[in-house]
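Note that the chains take the letters A, B, C and D in the order they are written out, and that residue 1 is the start of every chain.
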Amino acid sequence: MTKKVLLKYSAEKAKKPILALIIKETGTLMNILHAKFDAEGGEILLAIDAPDAEAKRAIELFEQNGIETKELKRAIQLDEEKCFDCGACLSLCPTGALRLTDDYSIELDEDKCIYCEICVPSCPVRALEISKF
Amino acid sequence: MNKSVAAINDRIKRGDAVVVTAEEMVEIVRERGEVEAAKEVDVVATGTFGAMCSSGAWLNFGHADPPIKMQRLWLNDVEAYSGVAAVDAYIGATQLSETRGFEYGGGHVIEDLVRGQEIEVKAIAYGTDCYPRKELETTVTKDDLNQAVLCNPRNAYQRYVAATNSRDETIYTYMGTLLPNYGNVTYSGSGALSPLHNDPNYETIGVGTRIFLGGAQGYIFWEGTQHAPTKAMGTIMTIGDLKEMDARYIRGATIEGYGTSLYVGLGIPIPIINERVAKTTGISDEEIRTNLTDYGVPRRERPILREVTYAELKSGRVEVGGKEIPVSPLSSLKQAREIAGTLKKWIEDKKFFLTQTVEGLSTDQVFQPMRQITAAPVAKDLMTREVVTAKPSDSITSAAKIFSKQNFDHLPIVDEKGKLVGIVTSWDIAVAVGTGKRRLSEILTSKVIVASENEPIDAIARKLETHGISGVPVVSTGGELRGILTSEDISKLIGRRRR
Amino acid sequence: MNKSVAAINDRIKRGDAVVVTAEEMVEIVRERGEVEAAKEVDVVATGTFGAMCSSGAWLNFGHADPPIKMQRLWLNDVEAYSGVAAVDAYIGATQLSETRGFEYGGGHVIEDLVRGQEIEVKAIAYGTDCYPRKELETTVTKDDLNQAVLCNPRNAYQRYVAATNSRDETIYTYMGTLLPNYGNVTYSGSGALSPLHNDPNYETIGVGTRIFLGGAQGYIFWEGTQHAPTKAMGTIMTIGDLKEMDARYIRGATIEGYGTSLYVGLGIPIPIINERVAKTTGISDEEIRTNLTDYGVPRRERPILREVTYAELKSGRVEVGGKEIPVSPLSSLKQAREIAGTLKKWIEDKKFFLTQTVEGLSTDQVFQPMRQITAAPVAKDLMTREVVTAKPSDSITSAAKIFSKQNFDHLPIVDEKGKLVGIVTSWDIAVAVGTGKRRLSEILTSKVIVASENEPIDAIARKLETHGISGVPVVSTGGELRGILTSEDISKLIGRRRR
Amino acid sequence: MTKKVLLKYSAEKAKKPILALIIKETGTLMNILHAKFDAEGGEILLAIDAPDAEAKRAIELFEQNGIETKELKRAIQLDEEKCFDCGACLSLCPTGALRLTDDYSIELDEDKCIYCEICVPSCPVRALEISKF
């Protein structure tokens, strides 16, 4: 199963190519879902598509390199029956996981979701739901 | 060239009428000009789907046996108003459930009625010889009601302001959740599709205009409350049969931290009776401007940051102070478009005919503030001006002595110019003594929640409540300490008011 | 022959229109027939001035500073409803003052507004980031309001029942004070002048009809609640600008022992578009019939004593059971006539033009009773059936023994056929012993307040309350004692309901 | 000043011509404003237009003859500004003191008023007022 891991970089760590180094070292497939990053540090959301043990090893390596990691054990759902595409959630989403399509529909790209849950109560018809597992 | 509504209806009847949506009309007028457009097009269909707080419904329950004159009543625990005849009641969109708070309100009751769901009715009465009954409990669906009529005192604002937030905290408003430090922008209204913006001179819209309302055919029957046509903020009162409506276009809503409302789908057909009207229906999102307003300032007159167009707003990003800020529409543009499309189809299918209005709506009405007989008190009216302060360089011991003599728990720390630089509490002192600190500068809290001299007491009271604090230093615009205001000072005022 | 509304308006514009009142039309049709009348007459002016409980007004106060979203508000201590947007509120005619009870209500607030008087406004709110204010007090006149619009969900009942009272006590109803034993008759409506009775087929009256409303020009915008055209009980919803109204035609009222209401002056102009309409406007008081109904029976279905005509009612005396009973109109016939006259003059003076309706009103809507999920309990459901009784010939001593063993204070006295003939209390026994009486027949109270087996508990509860008694014997229609019902039995029921 | 006196006759007294006898005996001017009378007894409302002492003497004579008397020390007023001629009071008035004219106006004939006050609270606009003196 794909693990979603949020990496938090401090300003100091942001200068080093830690991600590249770890990918090189482990050979694990890691997909960058979302990154928000500058000289002050930032966040990278990774999807690690590997057997459990291998994924665990990669996460340990990040920690050893001084990167804070957080495994996201959640799922978010947009109930399309309830959603009437008002977009109240759009501007609250920090990663662009919620976005407006060309025909003004709301679309949820769960890959980008960091489960901050700011959008959930903002939905006037409770069409956004977080489940934890 | 001039066309009459009757002639347009004849064309609809014959199947000859040319009906376009307001979005399509923008292109037609842009390409061919209003003169050609007026010849070609008969009707422009508009649409909007937004939260319209001033909505509600008249319901008639029929008589109970023994009969009751409802004095107070609740529908699914949401209070309705029965200050009229025995079994008539009005349920308003923003009235909150007494058991479920913000999660359920009048708007949800109305949606549930439209959906055909059972509604719990509870009523009490004082009892009279003709209406002896004092209590009633039953359940009804819309089919059990004699009348269930959506009757809205204010719908379809021509346009509305856009909102953002200068404060360093998230705020929850009827314009949605606004992130700190201009973190996002919200707006409402469908821009080029906006019903009233397509006929801002009210040449065709008036008392008696037949409209799309919640999926049924309804009517405009008066100007709406706060109607302000000279500011491009016109509004309308509307009526339609709830029993014929579709819950797709009538949705109860919770606005986080604000309350409940009702999303209403509304579309007005604009008969193209002349070239002026053709021109106004050709209005584009680029031409519709509104004010980006700072909802961080909790006053009637909120600061305006800049003007924005609906085109910018609909693009999803607006520039504020050199930064691109994400935007939320709040109204559903998709449903607005769908409504205009449905209205167009109804007319093409000869299911909907236009009406000749029986009276115009005001074109010069203005929206005035409330008459108030007392100025709202502000911080400087109630604050204690004589405040004992300390300097950052003062010793813990000297500060401890102040606490021993004073009856309050916060010691403001000011610099040599009188500017507030922090605050120290008795608890800070105790900890400092325990950890061997010496100077106040080592322990002061520099992030202090403050009030400004002219800040209204009501806003400060809310601040104290939200942050769970008992008082705030009051500072000048330059940051100098001017006084202290405590929740006790505020309670005294409220006590006076209640007497 | 057919005339269009547009043609009639042209005649009004030219000063050629023939306008008559509905009373005048009766004579014209009687003398010359509807065919001639239709040729001659263009408009028939109707009028009515009666208590219309389902009336009220939408008010917009403008925003306060700092702003408030009114959650509850009071106007001169009468609660209005603000379950809509921030500073919109609806005040209803029957809502009672919280300090002055029946003497002042929403109807009076509306009259005071029309008169230009200052109204005290008090509001409370829960406070939000956008509307931080939690309390507000101010005073306003109608001039301070952005909108003040009379908006009535039910006006102008086509006709109404006449009321009388079979009980042996005076009762206070929305049909006025009704004297005991059919002591008087009351009715409402202006008969031949009644707006809706002049066009009972809704050929000319509909959505968008311009009318005389409270001295201003208003509109019909929907069918009224409880609209029942097939029973000649049609109603309308109406709207008009309160600011333009005249307190001569908008009067707050107290209906003794019932509550408050609003007398509304209303007149509809009927365009004589064809002979059918000419005929219906020719209707006379002799032809308008209604049911004389017994309000002494506190049930939904009240017994009908006979049919009466408005001619009989207007004569001031009605025969009931061989007696001539005095009649009260309740509506002001004088003002109804004045309103029809004023409307006629407005049209003649070219100040008022007719409208072509944009939609008809239902002609087949029916008025259904409330859906109830539980049958209302009646006396026999709750009464105690095993009752110890005594005979009139029994001795005081034997009765005294019964009281010593029982836990209640009323001993029903029945004859040999089981018929209730009186009641004796322990106090009666004590007095009897003191004064040397021997037999119960000497001391029994024969005037006993009783309940019938099928009488609803709510009505009995009111009886106990009104008479200050703690229980009643329950009797069959033949007068036989069937049980006893005490306030304790009733309290138990209400306790169950509240759970 | 005119005194208004209400005489209450029992069934027994109703049979005798007491009023006639007293008028004859005293010679006092007494005007019958209103009478409601049958074999069961009834009421007569008198206006006695005589000096105080003379009127008092007449009243005493009624009492001596077993007639209950009640001097009416009141006045009723119909405020024509407030009254809108609805007629709610009409059918409650036991003596016809309140009546409808041909043009549907309410008229108050105070001479007939026995001050029972039933009409007062029935007026929806409080146009009827009793004052006591």
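The definition used in the following text is that a residue touches a chain if its C-beta (ideal position, glycine included) is under 8 Å from a C-beta of that chain, and two chains touch if they have at least 3 such contacts.
Not measured: the values here are computed from a predicted model.
K.L.:
If I average the CA coordinates per chain, which chain comes out farthest from subunit C?
P.N.:
A
K.L.:
In whole angstrom, what separates the CA-based centres of subunit A and subunit B?
P.N.:
So the centre of subunit A lies 33 Å away from the centre of subunit B.
K.L.:
Need the CA-centroid distance for the pair subunit A / subunit D, whole Å please.
P.N.:
For subunit A versus subunit D, the centre distance works out to 94 Å.
K.L.:
Using mean CA coordinates as chain centres, what's the subunit A-subunit C distance in Å?
P.N.:
Averaging C-alpha atoms per chain gives centres 65 Å apart.
K.L.:
What pattern do the touching chains form: line, ring, star, complete or other?
P.N.:
line
K.L.:
Determine which chains touch and list them pairwise.
P.N.:
So, checking each combination of chains, I get A-B, B-C, C-D as the touching pairs.
K.L.:
What does subunit D use to touch subunit C in their complex?
P.N.:
These residues of subunit D touch subunit C: 84-93, 100, 103-105, 118, 121-122, 124-126.
K.L.:
Given the complex with subunit C, which residues does subunit B contribute to the contact?
P.N.:
53-56, 58, 60-67, 69, 78-88, 90-95, 106, 127-135, 137-140, 144, 146-147, 149, 151, 153-154, 171-175, 207-210, 219, 221-223, 225-227, 237, 239, 257-259, 295, 298-301, 355-359, 365, 367-374, 376, 456, 458-459, 461-462, 465, 494, 497
K.L.:
Give the list of subunit C residues in touch with subunit D in this complex.
P.N.:
49-51, 176-177, 179, 184-186, 248, 251-256, 261, 263, 316, 325-335, 337
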